[in-house]
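Below are the structure tokens for one structure; questions will follow.
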């Protein structure tokens, strides 16, 4: 039983990070119909910004700040203006291809300009374990869980409790109506890209000490983001959070109790089942359609 | 096809037959790879370009085909039978994978097929008793057909080229038959197609099954070509690559996959001068192309030709515009 | 005269609101029945239920006495029920001729014969005759997507007739068509009707068009039939006038 709780806690910690990634993915998808196949690479990259800043002599906290700013500018602003905007008019598929190419570009870029070897990444806290009722919990998991939860809660407050956040949600759900209501739709769409840039940077800071900074990190993380977003419900930020947590916990538990080799398979099977029988996701709404 | 187009195709055909006599083994390997991947890309072009069903799993079918041949040849099954078996198996699996497409479309379908690809990868990696796991299968022999040994690179190239030509011709036949018209109808307006008596379920499943089976046949040639298959070759990367081939060449154009596969196989080699950065350059070129000409190289040719002739507007990327919400 | 189409007590609700609320009518062989009514009166929903595009909540549809409720649109079409759509529904990247061949090809042979048989499914001549009938000869090999709106409407109608249907349901054929084209369309529909003894049901907004074309008219308001009769009597029916002018 003790090991069950250990797995649960570390699963929740990973799940919380997945949730961060999935929320950003969902926001961008909702406001601009962009299925970002490079989302995983977006999480991989900020760790390298930070390492580069530290190599240049910046202390860790400053490097993190620089990493987040760079991420917001490059993965938020530039991504929107250079990749997404020129291609929206062609529909979904060309943009999908383009983000696939972008993921290749970023991955190769990290490899060629930094290193093909996994890089150690500084942890936020020293490696300490807590022993509570016979359960061993690492301080790192707790900090990750707390930081990810705090970020998600802050985002949720922003989206639901502020005028700005409600405008963003309105834009996501019905851009035409939002425009009629006088919301500056273009600006709201831009904000979601910037928020995504910040979220992936935070996820990168949290996950890189565990996985090390490696150019291939994005492959699994990107798929985790899709899975979480779809399982939870493509059109719901809450759904993405739920999907991320379910995925993290399930991944850990199934690896321990069912089959470590097929670790990656269970979320995929759930994904297929969800898409076929509840395509709107666990928390999603059915979108009205007409003949 | 215009007269100019016919001239270009005939010239390319002559080139494909004469060129190999002047190539070294590595060059022969590359153009054999082109012929093999073209078959898989033709299959994906059928599913995606003509019938409009997004699939990110074509690489998995190449893998299933490659493993089928890689496993059957060592136990003494003759190559032609193993080849057909690979195609049939992928036809059946592709048919089953088509069922989700009856319920969901566009990005949802992309994710289902993506998940399927990863599941296939996991099976190939984990079922060591069958597939050899991460060690893969070594030394798949090149076949001897009616006394003709294809062991030498030049002979094997002609086997691949011959298979490609036969399969491409069969696809061409199908696309000009009423089926081809039905596939395009499925892409352009499934609701209207249904109201005209088209059994859209059956055609959707057929598009998946036939496209996948071409993927399997490509894999059946892939195994004896590279003579070492392992799960990583058939992970998502392969599917993405095939998707890029179809799109770069021009989705929904018959000759698109030929051109796309050529670019995908040769461009990295030509860009060796850029050393390690060639994949970055390749990726950047694709992004530029998507921004300026999402209908691919042949789409570009089409557009330029149209403008030269009459100044009328081409259909551009209309083929890939989603028609409505997923049915 | 026997009934080609019988609709009995058809009801369709969306989230508790009945868009079609217990509608019954027959369509007799050879007639042109018009169904009119203000926006939102349930005309299109009724059509979609009859044609299998929507599943009715309640009620029954029969074609030639055979129950067709719940049948897929493609099977219904192969029974000889064909339709046009309110919004343009041609296949823009196929030529006019291919659009027409497509409209007929599934009505004959098997999947295998369609794969191995002739490329035009033996329908080339029939398609050319239909093109000539709708006076689109000069456009036969043009991509349908580059036709004018009115020409696409003609093509849409031609596609509905291609398989020699027993019953054709036309959903707002006149919508968005300019006056010259409208005259041509009506004249061609009438010509086809008298030549082939076909049976039509027409949903329409445009009163003049309905009055000139139809032999009998049903008036729908808020999902129910409020009047029925020949065009003249319906036009002067006070209930109809009220429904159109508002409450």
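Labels for the chains are A, B and C, by order of writing; each one numbers its residues from 1.
Keep in mind that, in the parts below, a contact is a pair of C-beta atoms (placed from the backbone, for glycine too) under 8 Å apart; a residue touches a chain by one contact, two chains touch by 3 or more.
Remember, predicted model here, so these are calculated numbers, not experimental data.
Chemist: Of the chain pairs A-B and B-C, which one is connected by the greater count of C-beta contacts?
Modeler: A-B
Chemist: Which chain maximises the distance between its CA centroid and that of subunit A?
Modeler: Computed centres place C farthest from subunit A.
Chemist: Can you work out the whole-Å distance between the CA centroids of subunit A and subunit C?
Modeler: 49
Chemist: How big is the gap, in whole Å, between where the Cα atoms of subunit A centre and where those of subunit B centre?
Modeler: Between these chains, centre-to-centre, one finds 32 Å.
Chemist: Express in whole angstrom the distance between the two chain centres, defined as the mean CA positions of subunit B and subunit C.
Modeler: The separation of the two C-alpha centroids amounts to 41 Å.
Chemist: Residues of subunit B that contact two or more other chains, please.
Modeler: 191
Chemist: I need the residues of subunit A touching at least two other chains; which ones are they?
Modeler: 291 - these are the residues of subunit A that touch more than one other chain.
Chemist: I need the residues of subunit C touching at least two other chains; which ones are they?
Modeler: Residue numbers touching two or more other chains: 53.
Chemist: Enumerate the contact residues on subunit A facing subunit B in the complex.
Modeler: Interface residues on the subunit A side: 35, 83, 86-87, 90-98, 100-102, 104-105, 108-109, 111-112, 219, 223, 226, 230, 261-262, 264-265, 268-269, 271-272, 275-276, 279, 287, 289, 291.
Chemist: Report the residues of subunit B in contact with subunit C in the complex, numbered from low to high.
Modeler: It comes out as residues 174, 176-179, 181-182, 184-185, 188-189, 191-200, 202, 312, 315, 318-319.
Chemist: Which residues of subunit C touch subunit B in their complex?
Modeler: Of all residues in subunit C, those touching subunit B are 51, 53, 72-74, 77-78, 82-83, 85, 89-94, 98, 101-103, 105-107, 111, 114-117, 119, 121, 143, 145-146, 159, 163.
Chemist: Which of the residues in subunit B come into contact with subunit A in the complex?
Modeler: Within the complex, subunit B touches subunit A at residues 54, 100, 103-104, 106-108, 110-112, 114-116, 118-119, 122, 125-126, 191, 236, 240, 243-244, 247, 276-277, 279-280, 282-284, 286-287, 290-291, 294, 316-317, 320-322, 324-327.
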